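First the structure, then my questions, so here it is.
Chains: A, B, C and D, in written order; residue numbering restarts at 1 for each.
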């Protein structure tokens, strides 16, 4: 068993990490880190569990520790769900101290020696860990993309045999993306907020790195352009997006590419039976009905139309955050980086 | 005063017609038509008033009549809010009988001698009424576009001095667009439905007719392409849309075009102070906060960004339906077609 | 294995039945009945699966049959999720033909020889089946109460050692209680509807029968009074209710009664670990966070205050409908009525 | 004209004050006070206007001042929308300095020399201002009740000729009651929160003071008991409540009392045509459809049933907050206390 901990264990993504790790077959969750004022108390005592799955009693007695490299001393791997402004230095310090970090924070995603990985899309980028070792870091940092970027690139992965140079994507994102307290009810109920800070920039840059080519020294960005328009809608969980890709192929050929898709990974515990699921019903996928497919790890696509237009959807705090990091960690575990 | 009536006066759009016409300075609302089983009873008795504005008591005593040409005998003009399948024949029959019809139904929108009009966009198309007269119709039919198409084309109108050939639009549409009973709560709450029957086709075809050129004999469609992706979101009123236009101009020039825009109409009672309002705040427009601007007749635009991308928004059952027909009727009244 | 079928298998409650029965350890789901026009096609083909749990593929190939006694020929037991107006005669006919019926419909609930049962509350009422046999029926009908009544009486069951004569309950009920199509989004979004047809009457009469005494010949109603006020709120699943009971006991004694409560049943597959769960947090239970406890079969209570006031909550289409019938059937199976 | 200001002018209730005062016939809004960091900038610049009515441009240029007694120097009256913890001392200081304070804050509501007034219910309590003058205060403080208490007591006012000793009320309160930021979307969407801090205590104590008797020296509390259960539901504006009163009178007599009700005030600008409106439709009142009656100042009642049970409803930030204070101020103005 690999000993793991969670940084920022009481927040929305932190609770998802705990949900996914509490009974993990490979990972032994021993350490839960949160703010200073929570340190020293039991997790059950400190956390205001707000997920719609039951609280995993098995971890309730863990004594919460402060979010410091010292707390990670006995760990092989740390999952990070802390805000970007805290993550920049703390994640580096933990990696320096010899521990691996799988993080959902955006701080290091675009660093030239840090892999930005989706196991189904660019598992080979994990080799960038070697760059970090070359640079003198004992541990490592591996990042997963922004939630919307994950659904978007996974929906594109099966289409790589087609050519595209120009992509547009309009998102309809869930309120859980802002954390438990991030979105006020008065601002989103009966409303659409057509702006999410930095979201469009993340989708436009991260996609090119993920779908780029790692040549052993650096990532050559993918040679296409992404233009995003990001919007918050009154949905609890599940990001939906409308995509336009200038693919010059019949709709049926695109559908077949989805049906035939086999991801480049297998045997990882958190991996769903179908990484990308094609819906044939004309009004699907829908977030409330499809976000939990594959335990929240399946990305759904549908409404493949001339244009080429389609809809993509996934669970933003599972596939798009905690689950993404856990799947990365599982891939790392098979590569013997731990 | 011009004597007017409403066809389908008890539905969602019908009630909006009644709201707008109850105290209209030019129009005298005398006739309310609904289904056979309502005929003969008072409107107050028959209607289940479900708007969030007070019921206009002044029309409560009107005796509801059946939806037939005979009921329109003493009218100058009829506003139609009936379903397309009923509208096809009934609207034609009323026009044949010498009465003008301003309709929100889609049946006749693409007919070659029927104007599809937004006063701010193509007031000159009203002259197509003459074609109907030439074809032997005593009255006339004038249509307004689909709700989403109205916001979309009005947002494009101030940009006509720029060139564009390729437009994409992703809509986030309100539930009132489906009528009072059309959208089940179980299907839209905590959800997005990425499909609205025929909506994309309407936006793609109607836009080209509205923005096309009427040469006295026919409308030459506008020479660009529209690709739409239409989605229902949990919002009561107000359609929001993300638009991409391949306009090659600085963002500031586009903003200035919006600021400088003067619509080609003036003095119509239902016309708002600003037909198209530019928002400078980065997270606006928003349906709950901006749908009621200009009494629901103003179209809001915002987030003008490189790309060229922007957001457009308007009230779907006022600007996008009943208000659109009423404004058309006011324009017709100034042209002496009545 | 006991062969079972579902009447009305495509609706909201019918789908819940299928979810609960698809992999049941005691029941073998062989027959799915729906309207004439669905008969002859596969269930997968006919059903528009709208639950947020995956479609149980194992039953997808079952050929749907018409809702008739003939379709039940080879069954031991039928679960009924059809509307009351259809249920009255059809359920009687099926019971006459020798098949047991466990029904969620209200038609026969107050019949003098039909048990209205919640296994945790009045399992002994099942003996009323003998009355039906005495009356010449080969099969039987067993009913479960209205959804709100179930949460209400289960919350009262642990308090039976206290005296109460006067109960008031104000409900806040979920939209799924109206079926997939029963509640229009325009009527409930950003709204409360303070009326649900017949709901108050059901709570007021059914509670007295369930908590009454079966003396072998008839049920003597419980000797207290219930006054209900029922309201629909914008929640997908989960009925919440505020209860006042004139119990003259310290709050702590009432809490202890909940903690000490042991239901009179055990070993039934659908029975949750805790039938009634006491929450100590001051703002719980809440429908989104607590409706799925015990796989939707646990009733939550909380906010026990002087007055005596408390909150009760349960999943209306599981504990309050399909799960209630399945649990009744499991109890029946242990009594050798099958 | 009476010169007035608003304390806490940028919050949810503060913006409602500005909306109601911007074009008031008796009051001249000259001063807008907010936090230190807003002071010195224009109101238009500082406020994030979030109401669904247009921003009143006429007050946009007012320079925001700090919330201090000095800023109130030239005012006759101050409206207060600041939190209770700030209000305690600041409101007293302003009153000491000779200015009248009409406040929505709870700090001074139960003070023995401070009137807690609803003009329709207990206008005579205003005379308690004399007690404050006797105690050496040059100005005065007049409070309005908690939002839920206002709807509740106004619904009871027309029933005073009946006897009641025991009242129960279950509320379904809107999210705007928590301010713009007070309720997180993740906590209320698809949910009910059966707890609002101090709300039940306020309803239970304030009602007795308001409906009590002022004998010239003190208020003798009303001789009945109130038991409240308070809940937050996903509604933007409008508190709905189910009430039980042990009134021993026929339903029709109670309805007639509502129809015959004439409030003890008249001619106040903010007073609605009907203070309490009886609905006869079986499913009304409803918050989305009825909260804006009388410009948000009318309290709706309906579903009068045996029990005696009924529903009451009103707009919580207008009738239940800012509008309540403004109406109090108008009553004060007619009494020559200014």
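By definition in this document, a residue touches a chain if its C-beta (ideal position, glycine included) is under 8 Å from a C-beta of that chain, and two chains touch if they have at least 3 such contacts.
These are the chains along with the protein names UniProt gives them: A, B, C, D = aspartate-semialdehyde dehydrogenase.
A quick note: this is a predicted structure, and the numbers were derived from the prediction, not measured.
Measuring between Cα centroids, which chain is at the maximum distance from chain A?
For chain A, the chain whose C-alpha mean is farthest off is D.
With contacts counted as defined, which of the two, A-D or B-D, has more C-beta pairs across the interface?
A-D
Distance from the CA centroid of chain B to that of chain D, rounded to the nearest Å?
Chain centres of chain B and chain D, defined by C-alpha means, are spaced 40 Å apart.
If you average the CA atoms of chain C and of chain D, how far apart do the two points sit, in angstrom?
Each chain reduced to its C-alpha mean, chain C and chain D end up 42 Å apart.
Could you give the separation in Å between the centres of chain A and chain D, each centre being the mean of its C-alpha atoms?
Distance between chain centres: 47 Å.
Among the residues of chain D, which are close enough to touch at least two other chains?
In chain D, residues 50, 189-190, 234, 236, 288-289 touch at least two other chains, as defined above.
Which bits of chain D are touching chain C when the two form their complex?
168, 170, 172, 189-195, 227, 229, 231, 233-236, 240, 242, 244, 282-289, 302-303, 307, 309, 311
Would you mind writing out the residues of chain D in touch with chain B in their complex?
Residues of chain D touching chain B: 50-54, 189-190, 236, 288-289, 292-293.
Which of the residues in chain A end up touching chain D in this complex?
12, 50, 175-176, 178-190, 234, 236
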